[in-house]
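As structure tokens, here come the structures.
Okay, so chain A shows up in both of these, paired with chain B first and chain C after.
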Partner chain A sequence: MVTIPRKSFAISKAFNGLLVLYALLFYIVLYGPLVTIAVLSINDSSIIGFPMRGVTLRWYRKVFDTPEFVDALFNSFAVGVLAAVIASALALLLALGFRRVFPFKSVLFNLVLMPIVMPGIVGGIVLLLFFGYLNIQPALFTTVLIAHVNWVLPFAFLTLYPRVHNFDVALEEAAMDLGAKPLEVFWYVVLPIVRSALIATILFSFSLSFDEFIRTLFVTGYDRTIPVMFWSMIVDQLAPELPAMAVVIVLVSATMSFIGALISRRAATRNQ
Partner chain B sequence: MSTAATDLGPSDSIAVKKAGGIGRSARWTLFALLAPGTAWLLVFIAVPLGFTLAMSVWKSTILGTVPAFQFGNYIEALTTPLYRDLLFKTVRIGVVTTVLSLLTSYPIAYCLAMQSGQRKAVLLLLLFLPFWTSYVVRTFVWLPILGRTGAVNQFLMTLGIIHEPLPWLLYNEGAIYLGLVYVYTLFMTLPIYLAIEKIDPRLIEAAADLGAKPRWVFLRIILPLSWPGVLSGSLMVFLLAVSAYVTPQLLGGPSGIMFSNMIADQFLSNNNWAFGAALSIVLSAVVLLILIVAGRWVGVHQVFAGGRT
Partner chain C sequence: MNVAASMPGAAPVGANVPAVTIRGLSKRYGDVPAVSDVNLVIERGEFFSLLGPSGCGKTSLLRIIGGFESLDSGQVLLDGRDVSTVPAYARNTNMIFQNLALFPHMTVLENIAFGLRRKGVGREELGRRVDEAISLVRLQGYQSRMPDQLSGGQRQRVAMARALVNQPSVLLLDEPLGALDLQLRLKMQEDLRSLQRTLGNTFIFVTHDQGEAMAMSDRIAIMNQGRIQQVGTPEEIYENPKNRFVAEFVGHTNLLDGTVRDSSAHGRVNVECRGTIIPCRTETDLADGQPAVVALRYEKLDLAPDNECSSHPVIFAVVSDRTYLGGAVRLHARAANGLTLTGDITDTARVRNIAVGDSVRLTFAADAAVAVADAER
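Right, the complex of A and B next:
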């Protein structure tokens, strides 16, 4: 393929200058708040805000000394891992099935997409009503986990489907013809091909689950996840350690997503 | 809920051929592949949603929510000025947020598409990075920026431009727009960027060679060809904005609530589950309506895959 320099998109010199200036402003606005919160997290003042009254790390110590935070971090990790694995497994099976033609395929496809399309709060409310009516008490590994799998499943499907779609049903049929049992086909033929895409999907799903808030809020029992705990702290009162807590949360989820993106990118280039 | 475009890509026609002679064992395999996911979706999505639909015609009394078949909840939701106006306001905020988001995102998407090599990779990564973290946190960060002791007020006071903190920076509709546009920018920027990126540069060169002025190249070639990206991004941002809960609650102040906050109130304070169910269905219906209308121009599947693959 001939690559023509993208510069041909340039409209005029003056316009280009404006565009670069705008881009600079855009990135400043994008990162300004995050930088500000990082600066405030080391401000030695018991009111969140300026002016700076000295530099301290005590808010970080306070964050890790807060049992609610440590518990929530553990809860979020546990739910995140479980939700990511369950959703990715269900999504992989669905994606493999979607290579075939079957009745009501488009109905099922719309059902898969439903949790993304549904307003966030409705996603939580329908489960609250459902479990409430069945008298199932909200708890971490029942209602919260289910809400998270619901939310993550469509994204896992949408990331896996294009990858799985590329590889030929004939490969499996060949293995079957040679006498492999379905589980053997899955283990020795399918899994090695989709492995890196699957790992990337699991990591990506984890970060979606880790950040989930609105669907979780209404089905949370005693054990809270990180965003729900953070939310109740903001709503309750603006405790001075909140900026430090925000920085820790940002670092954890950005790191997970970054690793996921790296693996996903490598998987994509290998597939080509 | 969604019935709009379900185009699964051109490769389906190939799949048809492959599935031509599907045998009995293959059918069992297909069943085994689809059953777990389908069962999950039916039990935890379809049934709860159906249940919510049923409860929306029930009645909540002081003794609890009792089965009934009446449309009082919907009549109340759609005729009482309080709820009806809030629905209009929510849709208005959704529209304004979408327009603002489009205006701020288009130039940056255009700028990104113009770049190449290492610089482009870095700029794209920098665009993604903030969106890899909780929107609760990304909404919260505006409090210490716009608040009384916030960065903006303190900065202006240090410069001597103002002597008292400006109270109107926070807790109004403007703050909601700022928060929503900030939190959801990527969903607008990414599809537009991908659409511009796909345009063949030779088209632009050809137009320029034939004497088209740059302005016309933009208006007649780049803008129309990036239209699918604009539609996808706008649809996504609109859907997210009308469902907003966190942003109005944190930045909107007492009068800045939106429809989702009203839904939450039915469960958190009013304890009126049947009415809350009806309000949930109303908001979902608005979203569904928009999807069906938009689905005529843009494949809904593309909208949701766009930002995620």
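Right, the complex of A and C next:
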């Protein structure tokens, strides 16, 4: 038995107390603003701010009674789903391709990931100029969708690549050996094996698209996505339902990411 | 194994058409030749092994036959039909992959049925053939298991069934036993051989393990640096190596460099190695004065009997090393003229008293030494 001297025990106890304090502060900084918004969203007051004047859900009703919000929500869902599916499909093809050896592989690999380090505001201006030069009118399913695919793709690729990279080429060869044509190999062997990774990637991609603001602002047309609409509402008028709106947006985004994480973790444990 | 009887090995083709004919086949990867000018005929129903060190081109050759690699020049004929440009999925070959490549998301049954489903075989026939294949490899009761719930040997058998259920005219095996431990490996060798005998399919087996190739094959092709060095039965290759590489690669062999001295007798030559004349068999045309290599298997060496008169060649040497092998004792010995020989002596009663530094008289039967030309090919 080792006896711990009384003095050092006291020190370690004090240290533990500090550690708990630190962790507490950490999470307050991290989640404090979010909790504040959540609390404000149920404050029965037409001014955004404290003190609390009672609890109400009427701002939430107001949110869903706002046609601009519902339209924007629909737009964001439509663009989000399309961008996520398109970007994930492209990312899958890229990831499958990058398993092979070819000239300039690492250069091309890094080019795919480039948009991640490009500042959002520059990305937005570049897209604006690009579409202007090509004379493409800003609209939801042209400029905004392309901007979102462009933005989401490298992330989708980053999520899928490690999973697909380990995909054994011999499995594809075995399928081919057993009479499967290239598309059948993809459909019966490749796709089922990477399916959970792919679904997780689509969900992550959706969240990214759903939250995208800066690039979208530059290329948006008449139909606005949620972040763009939200931003203009803040600029125009500080409407009392804004906190409730924020909570709804956070919930949509977080739910998608959460399901994505769940699926990808389940797939990871199953592949052990 | 009466099940196997109802499972014919290959589609009936003209009786005398070889299963595989390879003509002038070459394949390069960039500047590196993988397969160089290979000509090979593999008969129907043969258990044929491609044996060689890693990087010798045996796997490339197998993959070209299976349609997984393109060829640069030459031809591959399966059942007499040129398939040089036919993709893998349209060839009547099936492959057992080195890592087996079982589909991890499918059950044993789905794995085995995969090939028949792709070919659109009807439900009834599919069920029957899959059942036959399953009983052939003794996997009854495992149909609904996933591959990761099987042992190594069971996975091996699933891979066999998945390939054989398609009744390929040629089964290609790419070192499928490499990952198994020795016991299981020997068991699977036996299983494979008896499966092949029962079904009568043509098997092409790639291995770098000469023991495995010897034990299983009807014929072996020894490959090195993309070229076939020798084709023959295990006995032919062991007893009559055609060149230095084959002699060295198969079995444990003394290789003695020397010069041809007397080539007058047909099939026999004397080779002088550092002044020692060694009488040899040969299948090569060797001329007097030509450099040659004498191949002398370790186990062909023996201790000369004590009574002097022996018709066999005798070499005086000093033991420089001694290794106990159980069934034999391996002696490394050096003659006065610098000639070094290694012999596995099975005469344990006599070899027991021999220690390092002792003088010994090594002998070998008149037909034990083989002379080959001193160049590959």
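The criterion applied here is as follows: the second predicted complex is superposed on the first by the 256 of 272 C-alpha atoms of A that agree within 3 Å, B and C clash if a C-alpha of one lies under 4 Å from a C-alpha of the other, contacts with A are read in each partner's own complex, and residues count from 1 in each chain.
FYI, contacts are C-beta pairs under 8 Å (C-beta built on N, C-alpha and C of every residue); 3 or more make two chains touch, one makes a residue touch a chain.
On a predicted model such as this, the values are computed, not experimentally measured, just so you know.
**Student:** Which of the two partners, first being chain B and second being chain C, lies in contact with A:Lys13: first, second, both, or neither?
**Tutor:** neither
**Student:** Between chain B (first) and chain C (second), which, if any, makes contact with A:Val101: first, second, both or neither?
**Tutor:** first
**Student:** Just checking: does A:Met176 make contact with chain B only, chain C only, both, or neither of them? Give me first, second, both or neither.
**Tutor:** After superposing on A, A:Met176 lies in contact with both chain B and chain C.
**Student:** More chain A residues touched by chain B or by chain C?
**Tutor:** Residues of chain A touched, chain B against chain C: more for B.
**Student:** If you stack the two complexes on chain A, which partner ends up touching A:Glu184: first (chain B), second (chain C), both, or neither?
**Tutor:** second
**Student:** In the superposed arrangement, does A:Ala91 touch chain B (first), chain C (second), both or neither?
**Tutor:** Only chain B; A:Ala91 stays clear of chain C.
**Student:** Following superposition on chain A, which residues of chain A contact chain B and also contact chain C?
**Tutor:** Looking at chain A, the two contact sets intersect at 170, 173, 176.
**Student:** Which of the residues in chain A end up touching chain B in this complex?
**Tutor:** Its residues touching chain B are 4-12, 15, 19-20, 22-23, 26-27, 29-34, 36-37, 40, 47-51, 89-91, 93-94, 96-102, 105-106, 108-122, 125-130, 132-133, 146, 149-150, 153-155, 158-159, 162, 165, 169-170, 173, 176, 182, 207, 210-211, 213-214, 218, 226-227, 230-231, 234-235, 238, 242-243, 246, 249-250, 253-254, 256-258, 261.
**Student:** Spell out the part of chain B that touches chain A in their complex, as residue ranges.
**Tutor:** 1-3, 6, 8-9, 11-12, 15-16, 18-19, 22, 25-26, 29-30, 32-34, 36-38, 40-42, 44-49, 51-52, 55, 104, 107-108, 110-111, 113-116, 123, 126-130, 132-138, 140-145, 147-151, 154-155, 158, 182, 185, 196, 201-202, 204-205, 208, 214-215, 217-218, 222, 239, 242-243, 245-246, 249-250, 260, 263-264, 267, 273, 276-277, 280, 283-284, 287-288, 291, 300-301, 304-305, 308-309
**Student:** Once bound in the complex, which stretches of chain A touch chain C?
**Tutor:** 168, 170-171, 173-181, 184, 188-189, 192-193, 271
**Student:** For the complex, give me every residue of chain C touching chain A.
**Tutor:** The touching residues are 66-68, 87-90, 93-95, 97-99, 101-105, 114-115, 118-119, 162-163, 166.
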